[in-house]
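One chain, chain A, appears in both complexes that follow, with chain B as partner in the first and chain C in the second.
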Partner chain A sequence: MFAFITSRILQAIPVLLVVGFIAFALFAYVGDPVTIMLGQDYTAAQREELVRALGLDQPFIVQYAKFVWAAVHGNFGLSYRLARPVSQLILERLPATIELAVTAAALALLVGVPMGVYTGIRRNSPTSRLFMVFSLIGVSLPTFLIGILLILFFAVLLGWLPSFGRGDVVHLSHWTTGLLTVSGLKALILPAITLGMFQMTLIMRLVRSEMLEVLRSDYIKFARARGLSERSINFGHALKNTLVPVITIVGLQLGGLVAFSIVTETVFQWPGMGLLLVQSIGVADIPVMSAYLLLVAVLFVAINLIVDLLYYAVDPRLRLDRRSMTGGK
Partner chain B sequence: MNAVARFIDSDFLYSFRRSPVAIISALVALVCVFGAILSPWIAPHDPFDLASLSLMDSFKPPAFMADGENAYLLGTDDQGRDLLSGIMYGTRISLFVGVLAIGFALAVGITVGLVAGYMGGTVDAVLMRIADVQLTFPAILIALLVDGVVRAVLPREFHEKIEIYVLVFAIGIARWPQFARTVRGSTLVERGREYVMAAQVIGLSRARIMISHILPNVLGPVLVIATLNLGLAILDEATLSFLGVGLPPTQPSLGTLIRIGNDFLFSGEWWVTIFPGIALALMVLSINLLGDWLRDALNPRLR
Partner chain C sequence: MPLLEVQNLTVEFPTRRGVLRALDGISFDINAGEVLGVVGESGAGKSLTGAAIIGLLEPPGRVAGGQILLNGSRIDNLSRDKLRPIRGKQIGAIFQDPLTTLNPLYSVGRQLVETIQTHLKLSDRDARERAVQWLEEVGIPAARQRIDAYPHEFSGGMRQRVVIALALCAEPRLVIADEPTTALDVSIQAQIIALLRGLTRDHGTSVMLVTHDMGVIAETADRVAVMYAGRIAEIGPVRDVVKHPAHPYTEGLMGSIPSLEHRVERLRQIDGAMPRLTAIPRGCAFNPRCPKVFDRCRNDRPELMEAGVTRAACWLYARGAAHV
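== the complex of A and B ==
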């Protein structure tokens, strides 16, 4: 187990180094931050002062070393657009994105898995067909269109839910949460559905097809022959064995959740990291872009690691394989 | 039997005629493609002709609503442009970007896949490692960042002119690894076949063997993936344009139209954003369903 984790972490390091280098190259060579920050009118002395302040007058190696050293300490320099530390900007917006993504993922799992089980067991019932049509729409409609449609119905026509922002938030030292106020919870509903929709339909289809596969297998027939209850067969035996591919896809899709939070946050003007990124790209705010890139890389590497570990926990065969493999050598 | 007769008699056409979903999606896709290509000639209005625009005509509702006019079937936008015409021209741009981006991704992916699969060794290891790393990141995120970097490098006026090709590049570069991996997989299989050995024995160059001998035999599966990816590439473009980092309003794609219309959702002019949205969804859905059908029809195991 320990050897496994270590080797996975060692594999992740080159990935992070490559992404780090791209992030630095962006940071160092793209655009002219000095002109952007100074605006229209400036003197040569002002310009020189800013170049020195940003450390742009130093050689490549020094800048790279400084960049890595600073990044490891969570320091990504100043945003060109807002002239504030990037780490501070990101930390302010991190809670909003995490709350949105986690709610969306929970929604996708809590709705998607039961729907998948239901359509798998009663594959020809009218409800199942309805679910399947619904899932086709969920897979084909782009995220932003789902958001716009939800806003049109629930905010514009019915006026039940807010269409933008986070509502009232509560400050808990460094963390701001919208989960403790009524307006915060109401504001969370539409964005979470928008973001979770694709994952939800994906999970539903996956669980369904896996259930169909598993229910045909011999050990299910055997379980029936032993006279186990339907409930125990469906959930204790069948669902459990569908979980390995579901975990893979859900894990890998967490990355997609982060990526599409950018879109959802733009539609709903949700004050998270994704909205920050889009606003930064619009004006070529490189420090924010490179910090985001690094952060996302770390996040994805971590997700992949966790998915691998979950395999281990769910599928005992993997543990056996590894033991026999290493034992055989 | 000539080629036409063979085609009419083929399993392929048979399975197409047996599948209502495939027929309907093909029809919808054809309507989209022809409406898009022919838009300069068959669109009821020219949305880029400033002389024909009048602010008096702005926000006309669709023809089927109480205040609608028959001249503007789907209504008009904030500047009095006919929405139907705007959608036709927009679909043209969306399709253009999508097709070129997939073409670019195919070119890069096939080249990398062939070289990696045929050469093997370090070249293979390095190229596939790059593809794996890139596959960890969602394509839309890569396209967004590439687009952002190009935006930062180029001066603004120049950038607006070539944005359409920047998008092609960004979306294409975000989608090549999948093609590369598929081609590499089939190349590894083909490399061991006798016809490849024969070609090696008569001393053909490596490039010649890869291009004229292996390539035709590995193309099939890639083209199916390309169809499925075309829908995704069109969505990528729409998403970027919607986020405001894609095509500018002077060159509106469907995504740009949806973004423009989104500003008027609250003042009740829902059609400005909903109709382009429906057009986009229908086009992508039909392409995806066609791709699904093509995958099943060409997969002998499912017959």
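== the complex of A and C ==
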């Protein structure tokens, strides 16, 4: 088990180095940081001084090594736009994005999986048909449109929920949370639905089609022939067998939630990393952009690792090598 | 009173081009402790008969007529909730392919314990103990150590033994075994059949044994039903059906078998093919292929009638008809 995790982490290192290289190339060659930082008027001496201060006069490979070294230590330099350490900016914005993404993911799973199971079992009931129509809307409407429609109904027309911002937040040392105030929770509802909608309907459709497949299998027929309860068959034997493909997609989708959060955060002016990124792209704030890129890469690597571990937990066939050595045939 | 009575069972599939009648008036009994063999060409309706009895017809297939009685009470019209305690506890089932009939994600012990506890009020410990006993009874070596192993850790033959344990662990009165050895290696088929026969004899369980192997039927069954195109062509004690088949179709199946001592090989091919469900001829379904066909066969459908020791659906045995 430990060896498995270690090997997966080692495998992830080249991936991160490649992404790091792209982030670095962005850093070094897109736009001219010196011009951006100095503004319109500067002397040649000022320029040279800044170039040396930023280390831009050193050989390429040295610059890259320095970049990696700094990145490993959480140091991504200063934001051009705000002239503050990028790591500090990101840490400030991270809680908002994480709370939004986790809420959206929970919503997508807690609603999507039961709906998928239900529509898989009661294929032809009116409720199932309703869910399917609903899911079609969720899959096909673009995120920003869902957000705008939700704002239109619940914020503008009904006035029940705020249309932007994060509400009141509470500071817990380094973490700011909106989960502890009423206005924070209210502000979270619409963005979380907007962000989770696509994933929710995708999960529902996936679980449904996997359920249909599994329910036709011989082992389900045999479980029925043994008189097991419907609950045990549907939620035990069948659902568990749908998990392996579902975990794969869901894992990737949850990573995608962070990427999608850019749109949602823009629509709702949610003060998270997505909004930070959009603001940074506008003024070519390269250090923020490359740090964001690396962070997302690390996130995907972590999710992949978790997905692999979940496979391992769900499917005994993957544990074959370990068991058969001790089991004895 | 027989343990199981199937009376005039009819199974239909509604399709876009009309209703397909896949089983057409099947009637037979199985007595307590008896082994009824069921043979017939592919598509004759053997599996459907088993599925109808245990209430596992796949929609849109449905019982369109007749009745099924277990211990004298009807089970074909029960709700799902009323049928559930019968499945596994009164009627067990063994399927063809042990590679696909076990849930790959649950250990065999868990599957056994769940089945046992569904039907018997046993504590976790007692149920597990019972599961170990069953694994021992079906001949899994080192059962106590292997109980937490997963299906993929067993060979095909061992898995079918586990399937047999699962089918019998709530001690059903009847077990329906649909080609239990077809998917297995030839070298272990006989062992599995012997195991099934031994266990059911010990527990007094009746068996409906579907197979293509006449040798297996001859060795294990008490009576045999020969199916053709969704109907029973002939039914009777196995020796008589094999030695002195009455129905021309059975005769063709048995070929020129000299005696029971010679192992009978797979069903012999008869000229022509069994009709599709959409094109079952009027009268006797076998008439286009029958060497002894006569006028009446093409117009009237023969029901099962006395034909010496066995019963055959053939006009040759109509009272007053000249025996050919």
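Just so we're on the same page, the second predicted complex is superposed on the first by the 300 of 329 C-alpha atoms of A that agree within 3 Å, B and C clash if a C-alpha of one lies under 4 Å from a C-alpha of the other, contacts with A are read in each partner's own complex, and residues count from 1 in each chain.
By definition in this document, contacts are C-beta pairs under 8 Å (C-beta built on N, C-alpha and C of every residue); 3 or more make two chains touch, one makes a residue touch a chain.
Computed from a predicted structure; not experimentally measured.
In the three-chain model built by superposing on chain A, chain B and chain C fit together without any clash. In the superposed pair of complexes, A:255 makes contact with chain B only, with no contact to chain C.
In the superposed model, A:84 lies in contact with neither chain B nor chain C. When the two structures are aligned on the shared chain, A:237 is found in touch with chain C, with no touch to chain B.
Once the two complexes are overlaid on the shared chain, A:281 sits against chain B while remaining clear of chain C. Legend: residue contacts after superposition of the two complexes on their common chain; A:156 is shown touching chain B, with no touch to chain C.
Once the two complexes are laid over each other on the shared chain, residue contacts for A:219 go to chain C alone; chain B is not touched. Legend: residue contacts after superposition of the two complexes on their common chain; A:229 is shown touching chain C, with no touch to chain B.
This overlay, made by fitting chain A, leaves chain B and chain C with a least C-alpha separation of 15 Å. For chain A in complex with chain B, the touching residues are 15, 18-19, 26, 30-31, 136, 139-145, 148-149, 151-152, 156, 163, 255-256, 258-260, 262-263, 266-267, 277-278, 280-282, 284, 286, 289, 293, 296-297, 300-301, 304. Partner chain A is touched in their complex by these residues of chain B: 133, 136-138, 140-141, 144-145, 147-149, 151-153, 231, 235, 238-239, 242-245, 258, 262, 265-266, 268, 270, 273-274, 277, 280-281, 284-285, 288.
Within the complex, the chain A residues that touch chain C are 217-219, 221-230, 232, 237, 240-241, 314-317, 320, 323-324, 327-329. The touching residues of chain C, counted against chain A in their complex, run 54, 56, 80, 84-89, 92-93, 95, 97, 100-107, 114-115, 118-119, 142, 145-146, 149-150, 152-153, 155, 163, 166-167, 170.
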